[in-house]
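Some structures are shown below for you to check.
Next come two complexes built around chain A: one with chain B, the other with chain C.
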Partner chain A sequence: MDIEIKLFFDLIKYLPSGTDSNTARISVAEGTTVGSLIDSLNIPSEIQKTILVNGVKACNETIINENDSIAVFPPMAGG
Partner chain B sequence: MFGLMGKILRVNLTESKITEEEIPESMARMFLGGGGLATKYLYDEVKKGTDPLGPENKLIFMTGPLTATTCPSAGRYSVVSKSPLTGAWAQSNSGGFWGPEFKRTGFDGIIFEGASPKPVYLVCEEGKAELKDAGHLWGKKVPETTDLIQEELGKDFKVACIGPAGEKLVRIACIMNDTHRAAGRCGLGAVMGSKNLKAIAAKGSIPVKIANPEAFKEVAKKQYQLINDSMLKVGLETHGTNLLLDMVNVRGGMPTRNWQIGMFEHVEKVNGPALTDNLLKDRVACYACPIACGRVSRIKTGKWAGKEGEGPEYESVVLLGTACDVDDLNAVTMANFLCNEYGIDTISAGSIIAFAMECYEKGILTKEDTGGIEIKFGDADVLVELTEKIGKREGIGDLLSEGVKRMSEKLKKGSEEFAMHVKGLELPAYDSRAVKITGLGYAVASRGGDHMTGYIQGPTFIDTPFLVVEDSKIDDVYSPKPHDTKVLNDLENALTMFDVTGTCKFMGLMLDAKEWVNLIANVTGLEFTIEDFRKTGERVVNLARAFNMRDGFSRADDTLPGRLMKEPMPEGPAKGHVVDSLDTLLDHYYEERGWDKASGKPTADKLKELGLENTIADIWN
Partner chain C sequence: MSKPSSKPLTENEKIRYHRQMIFPGWGEKTQEKLKKSRVFVAGAGGLGSPVSLYLAVAGTGVIRICDFGEPELSNLNRQILHDDSRIGKNKALSAKETIERINPDVKVEPLKDKITRESVSFLVGEVDLIIDCLDNFDTRHILNRYAVQNSIPMIHAGVYGMQGQLTFIKTPETPCLWCINAGSPPPVVFPIVGATAGVMGCVQALEAIKYLSGIGSNLLGTLLIWDGTSMEFNHLPQKKTPDCPVCGDAL
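Presenting the complex of A and B:
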């Protein structure tokens, strides 16, 4: 199934090669979790991050559905 | 008490009389300094019913015990008064270098009272102060005013001043220092203008007396290093506060088209990387700050090419940009520069223009009203033009200068529902339908629709844990629980302490309460505990609340714009949501605070517990 992945700031480098923005559409197997998606992108687990699925905070165990939009941010502060 | 210089200046502008006063030790111990001490003076000296723009109102500048020390980010001062925008207690706070420079002149603060018969400015230098004629400065913008004063007195003087907006009593006028930094909110520049006070110039080298200098130095150095090494610093330093734009947008809480929707289509044109790539010239830090979130920006292309200044910050980009549906970052930056030059609050200015655009869209404002300007969403030139008109109070700018509350009361026709303010203060850049507990934060903040009192946006919208409280975890942003009202309560008490001590709230993210207590204890020499830290913050929150209650505010004022409570978010992650639980949240919050649920007043027991017995008769009789 196809999903959208958006990585922000320093995490952009973990998008599939050839991606020319911070967003990519990729195919994943049904039942893929957020944690396994992050692993498949080779984002180091020790990097703190906030993961949102369709704008709602998710955890590693969250199961991804078709056409979900997954956004991953590094730690942030300010405002 | 160590940490304070121990005295303030009292400047009677009506009589051109300057006196020095010692700060009573008991008062210093209870309120420490900054916004706390200033609120105590305001409560005691400004009577119920005072006209904010009349000579009876007072304008109080106050630094804190950590200001001008080596504590990280200790460059801040507070201005406290009664707001001409809200009629409520007002505090505005600013960084830069003016605060520490002023404190080193030998004073913790200044109380301005009365009104001068002609424009004047105050010069403070090494333990002395005098009023000077400001006739030649009147009408000048902020950069010109600052330059002229520095030409007269010397480049090493730091200047806080108002621009033309403050002189013309624009209700969203701010006080600017170091040319580019703003004590922005609540219209305190208009209070300064009403007193014919153009500026305060300061130069000083008197050191702050620290109780345990060696221990303090060690702790401050360690904390500076800790922040310097923090991951949280990286994004702020790289992209400034505007780095938040993407995350708030992804959550669907980005005020767009005057809060009609919660996502901005062209976010990549105005976000942090866009600012960094297209406008950033340099990064600047305030006094003793390891972060450097300030931006020096230069417009490189188009009709404003070559224009340079500081900003824009996240809030300014959202209110001047997405709220007005403007995706031209050059125009947003230009409008931001104009706000700084005329001395107006970017948040309120953007919100007012967005409100005017919606009124125009709905036919509530017409070309006849606007002097022929078509105030349409998305028009970058109109954004810039209206910003300047507010700064000058010119044409339609005269109406806009009054703020959205007064505008909607005048325009009516249902515009009250989408005038985005609380108690008259325009809302900042987070839509509460996407994180409902932020609506409670806006509703109860004593200065009106404000995010900095408790900054509940931090642990919710941007997922930052706040170490300065025991627990800042919010589980479900769409279904707030009673527990969440305790988190807000705790954050308000803790973050108030940054205004009290003269430090930056960004540090509240990175250091825990124990470390702050260590800094406060070592600078003041007080036996200061975490309990004292929380209690002092709570005392100040309650005193500000008592100020408002004495002036007739009540639970009914702790509310939100109709749009947030009645209009479901039309799209995005928060689709279908409204802030539907405010009354229940208020009940829980008041209970947590020890406030009466019917009236919203702090109970007599709570006021006694906090040592605020003197306020009981004022608000309960």
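Presenting the complex of A and C:
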């Protein structure tokens, strides 16, 4: 199934090669979780991340559905 | 606690604010709305500096600004409320001094206490709007909970390096801060370019001025993600977390 993945800032480098923006459409297997998607993109687990699936906060165990839009960015705590 | 003035604009104020009052739909009535407004600015640092300065020059009636810290030399690349002469003074008191010099018509209430679960009610008081200019999520979540429980809108922003995030929280219409960032990243010394805080602080100030004046629309249910290295502004739609312990339906 196809999904959309949006990565921000330093995470952009983990998008599939050839992606020319911060967004890519990729194919994943049915039942793929957010955690396994992040692992498959080789995003280090120790990086703090905010993850939204269709605008709703998600966690590693969240199951992804077809055409979901997944946004991942580091939380910005400074002020 | 100062009350915002309910008096009509003075002749001096009509001149001072003329260039914004000629903005379509603004006029004297909108300016008087701003004059009657009370705002709580949490933090007098990188974000709190442009926020409070632009609220002041726009003629916001009362600015309650809260910070328990003192300016340090390493703060001065971004915290433009303060200068070398203020090192060692309290930041809220330093802010009052700067703001009242830039616009003596605005009332500033400096608050030198730390925002905690116990103090938040007393510190925020009765305000129309909260602006989150804090530097850590632990305190942000205390402020978020108070804002949700008391139906006070809150403008959140956070910065890092040359990037920032910002949203206008107005529950139950929008998700709350817990719906976006449930955790509290460990406090670390992070990189920050002063202009980054300037950009995000100015967006917070404009969001506040629009809300208080009733002009334009706000970033409700939308997280603005700004990348200053590429100058891209991204709008991410946001939805409530169904089981949010702060703003969820079960509460």
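The definition used in the following text is that the second predicted complex is superposed on the first by the 77 of 79 C-alpha atoms of A that agree within 3 Å, B and C clash if a C-alpha of one lies under 4 Å from a C-alpha of the other, contacts with A are read in each partner's own complex, and residues count from 1 in each chain.
The rule is simple: a residue touches a chain if its C-beta (ideal position, glycine included) is under 8 Å from a C-beta of that chain, and two chains touch if they have at least 3 such contacts.
All values derive from a computational prediction rather than experimental measurement.
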Partner chain in contact with A:Gly55 - chain B first, chain C second, else both or neither: both
First (chain B), second (chain C), both or neither touched by A:Phe8: both
First, second, both or neither for A:Gly78, with chain B first and chain C second: both
Chain C-contacting residues of chain A that also contact chain B: 6, 8-9, 48, 50, 52, 54-57, 71, 73-79
Contact set on chain A toward chain C in their complex: 6, 8-9, 22, 48, 50, 52, 54-57, 71, 73-79
Footprint of chain A on chain C - complex, ascending: 43, 45-48, 132-137, 157-160, 163-165, 179-183, 185, 187, 190, 192, 197, 221, 223, 225, 227, 229, 232, 234, 236-242
Parts of chain B lying in touch with chain A, wherever the complex brings them together: 231-236, 238-241, 243-244, 246-247, 250-252, 268, 272-273, 293, 314-315, 429, 434, 451, 455, 457-458, 462-464, 477, 506, 509-510, 572-574
Chain B partner contacts - residues on chain A that touch it in the complex: 6, 8-10, 21, 48, 50, 52, 54-57, 71, 73-79
